[in-house]
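Order as written gives the chain letters A, B, C and D; numbering starts at 1 within each chain.
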Amino acid sequence: MAMVCLSDFEAHAKKYLPKIAWDYFAAGADDCTTRDENILAYKRIRFRPRMLRDVSVVDIKTKILGSEISFPVGIAPTGFHQLAWPDGEKSTARAARAMDTCYIASTYSTCTLEEISAAAPGGLRWFQLYIHRNRAASQQLVQRAEALGFQGLVLTADLPYTGKRRDDVRNGFRLPPHMKVKNLERAFEVCKMSPLDPSVTWNDIYWLRSLTRLPIIIKGILTREDAELAVRHGVQGIIVSNHGGRQLDEGPATIDALVEVVEAVRGRVEVYVDGGIRKGSDVLKALALGAKCVFIGRPALWGLAYKGEEGLQDVLRILQDEFRLSMALAG
Amino acid sequence: MAMVCLSDFEAHAKKYLPKIAWDYFAAGADDCTTRDENILAYKRIRFRPRMLRDVSVVDIKTKILGSEISFPVGIAPTGFHQLAWPDGEKSTARAARAMDTCYIASTYSTCTLEEISAAAPGGLRWFQLYIHRNRAASQQLVQRAEALGFQGLVLTADLPYTGKRRDDVRNGFRLPPHMKVKNLERAFEVCKMSPLDPSVTWNDIYWLRSLTRLPIIIKGILTREDAELAVRHGVQGIIVSNHGGRQLDEGPATIDALVEVVEAVRGRVEVYVDGGIRKGSDVLKALALGAKCVFIGRPALWGLAYKGEEGLQDVLRILQDEFRLSMALAG
Amino acid sequence: MAMVCLSDFEAHAKKYLPKIAWDYFAAGADDCTTRDENILAYKRIRFRPRMLRDVSVVDIKTKILGSEISFPVGIAPTGFHQLAWPDGEKSTARAARAMDTCYIASTYSTCTLEEISAAAPGGLRWFQLYIHRNRAASQQLVQRAEALGFQGLVLTADLPYTGKRRDDVRNGFRLPPHMKVKNLERAFEVCKMSPLDPSVTWNDIYWLRSLTRLPIIIKGILTREDAELAVRHGVQGIIVSNHGGRQLDEGPATIDALVEVVEAVRGRVEVYVDGGIRKGSDVLKALALGAKCVFIGRPALWGLAYKGEEGLQDVLRILQDEFRLSMALAG
Amino acid sequence: MAMVCLSDFEAHAKKYLPKIAWDYFAAGADDCTTRDENILAYKRIRFRPRMLRDVSVVDIKTKILGSEISFPVGIAPTGFHQLAWPDGEKSTARAARAMDTCYIASTYSTCTLEEISAAAPGGLRWFQLYIHRNRAASQQLVQRAEALGFQGLVLTADLPYTGKRRDDVRNGFRLPPHMKVKNLERAFEVCKMSPLDPSVTWNDIYWLRSLTRLPIIIKGILTREDAELAVRHGVQGIIVSNHGGRQLDEGPATIDALVEVVEAVRGRVEVYVDGGIRKGSDVLKALALGAKCVFIGRPALWGLAYKGEEGLQDVLRILQDEFRLSMALAG
């Protein structure tokens, strides 16, 4: 089986992953409308290709918050990478470093932040945070990340409660006994009383700011009103995201929401987007609409599931080649 | 089989109900366009989710015509509940009371109003009325309902004649011999000369008013013009409804009609809606567009068909949980 | 098999007619886009149903060009009825008379005008004309029709050449040897050098006018410009038609074209429409958009194919019942 | 199997061509969205047919850059005709001459320009050029074409790099050993380091102009901005084209782009279009929207694959008959 495009990796993962793991990664909330809209919305956008421009040299490098990456595609935070590959997030970190891009490690990693750091020293990494009812636990995580050289703190804003993912309920999804959410002291158990704090508000940004000198990026913004609030509360970046359609179903596709967020932000902070990226031309569309960089979620997991670190590099390399070609063909 | 969402109950009912009963409950008029549109129209509506609001406490209680209910979902009037479950409307009444919500009992119940009242004393109930050619029969029904403690009178306006439901015609649908439309003296026979009066007009509201002190709610309004007439004729509430798509096919979806009705009514009376509610987020959409409460028809029957009173409670509880979660995730 | 709606007759005809005959009746030009659009366009139109009007008496009679018919549905001109039923157009004429409506007999009938007249004396009939290269033949037909008591002359304007119907070409469609286009002297042969005159223009309306005192109705108008020309050239009626999608593919659906034709005509002549009528509510939509009456083509043939005269009456009766019910339910 | 419409030839080619050749001809870039949009966009355009015009004589001849052709359909440049038929481009040239239309021979022909000229002396031919890194090679090709009597030079502007056609990558597509890109000295190898120059800009039009007196037609323009640039740089014609959807996916359909190009050009040069032509009525739509002539790509290859020169004539003759009929039926 030749791996020619990201859909090939998806088909492979669907075939070889245990059903419960595939279902968990694939899940969207309720009817999965938003999950699917993320992809369909890209297809509704049309290029206006320009011809006869000198495209013999195409520069695809960019910078996010001052750090250079080899092309504008990073790894979005997703949980439980050991479900996809035995080495879990260690492989993810190695692949991201090898491709010279940014990896956002999730609070719900199956490796510790220390293991992730040790696996790929020197790689550009941000840390994704959920604020817990136990604020001391969150504070400790932030400070561990900063000490380990993570260069950004990504606060996820769209998960006061976990969305209703029907297949996970049907499967009674939980981590297998030999995997742990190692960053948290007690084993994490999905679908029990959540340790996450649903009373978090904008003011908690100030609290976070007091804990760390890392830039704060807020993830999960979908409206101009919240974009304005984010800027006013002093974040350095915004990731337009609907959590891969796993939280509130029937909200907007992220590429559609990007437009209004970019307009509201007027360049004051960097804006990124995740959700629905399946081709290099999707990356180009997001950039043309104002994103500084995109992040991929599920496709990274399919890459891991294919061949670990090497498979994820394949995924990134395909996106990179497709993105470069799209740039050239669009003029 | 895990019952995770309302569609699971639908699949169960389709599998286990006798075909003639399933067909009767599922039927839409003509091509079933409006029946299906009721659902599709919800899917076209997009949320604008807001983040970082304190959603640690979500209050989902509401009041309809002054009575508190535990969440804004009641049971719409549908006929012949014994086709779904042996105890029929008695189970429906019990489930509604257990979940602390409102049940609108249909004229075409297979239990008497007295049996329904006795099954769940103290529950909040309204009575749904068709006006018959024999006005004395209708008058007697209204007065029985009032005496039994029903707290609202729902006049159905969209059934001067029965819509053409092809499968019912093919099946030669009629009630099995051991079931009766007990509220009416003679057994009710579908598809014969209808006892309903097609000459009913707005002036009959005045006649109804003269019979009872109960608030009058009119069901079946789909246009601003009729909403205005309803207010002028002194009703206390309006249920935007197209009878589940069982009457005139190719009219508007109820959630679309709700918008113009709410606009016309300008808060003078309460507005409710039924038709197409399948998820908690549908309830949230209806409320966001101005409904005070929604009513479910077919999903209640699927619940009954699953496990009677208990199955209906399951359906209501799922909707309640989904509604609460949607409220929280939408901010 | 219960015949409940017109689609049932369609399924029956598809199953029991010889393939070559079914294909001929079903054929649309090229990709059949317009044929199918005729139906889909009705589905896009939504009613605004009004409630609580006295619909105890619903009057569905109407008049076309001064003649009363029992409801606003007539039989459009279609050829070769013997392909559907041995008695051919004689059965059609009897069914139309029995249902008290108008039948437009085609030039390409497999019975003579005299046979048609004799089969159902006193029925309301119009005669459909193609103008032939041999004008004397056309003149003779017009005068025979007038002498036989036909009360209108329908000039088909959209067939200077026959549209490309792929299945007919594949099947090498031609009439079976025992059938003849009896109104014309020589047997009619499809797909050979057409006897029809492609040089006909608006001025030929004056020539027709000089031949007969019958009212002239022009069939095949789809634009406001041609509607204006038709009125100026003195026709008494316009049938908005695209020949059932059998001529130029990818023109407008007739119900869409009706709107602009009605607007252009401003009541100066009667406007009718054919194409895509499958339910009583379609008839109501056409009337609400300004048609005085509709005509059915293929459904009449399905009725004939089912049980000849009796089957066609069934079709008309179903449409009549559905139309009356739609009138009542729409208020 | 009767060959009635172009889709019949497509089905035949799909069935009988080797998979690798079929895939190569059928391929679109990425998800093939633009390839399919080229066709779908035609279906969204509706005629406004006019009636009762004298269509007894329909003149379908036209002129392109001063040369008369029998109808406004030419052969677009496509590569590797020997994959479809042993005689390759020689058959194409003969068929085009027999039907009295224009054939644009591709740089990537499997016959030399000399063989093509000798096969059909006197036929109207243009030569399609890619500019190579080795400019001398390109110059030599242009001068050979001019010397051989080619009457136009078509510069393809949309292929600085080859688009990503997934099936070709999967198949490892390359020419079979016994076929050669004979116009180039070394055998052409697909998917290796491209000999094409991605640094070509508008200024290279001036260089081309200096090499030849032939009119220059630019192929691949999709926007008004590039159309304006083309006119300003002195081209004689523009072919609106997206390379059959084989280059940048998710750009506009060519028939949609045609409208803005025609508007920008305001008659200063001739505008043509290719992509998605499958019926005579498509040709009429393109002409109605301002194209002087259309060119067919894949349908020509299907014709070749069916019966070589004779099969291609069949394809052209069907389009010609359909176009003439559409003209007549549209009035």
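Basically, a residue touches a chain if its C-beta (ideal position, glycine included) is under 8 Å from a C-beta of that chain, and two chains touch if they have at least 3 such contacts.
All of these numbers come straight from a predicted model, not from anything done at the bench.
Common neighbours of subunit B and subunit D under the contact definition above: A, C.
At the interface between subunit A and subunit D, two copies of one sequence, fewer than half of the residue numbers in use are shared by both copies. Chain copies subunit C and subunit D are related through a rotation whose angle, from the C-alpha fit, is 90° to the nearest 5. Across the assembly, the mean Cα position most removed from that of subunit B is the one of D. Taking the mean of the C-alpha atoms as each chain's centre, subunit B and subunit C sit 43 Å apart. We define each chain's centre as the mean of its Cα atoms; on that basis subunit A and subunit C are separated by 61 Å. Shared contact sites, meaning residues of subunit C that touch two or more other chains, are absent. Of all possible chain pairs, those that touch are A-B, A-D, B-C, C-D. Subunit A meets subunit D in the complex at residues 2, 4-5, 43, 45-56, 279, 281, 321-322, 325-326, 328-330. Contact residues of subunit C toward subunit D in the complex are 30-31, 33, 157-158, 160-161, 163-164, 166, 169-170, 197-202, 204, 218, 220-223, 225-226, 229, 242, 247-252.
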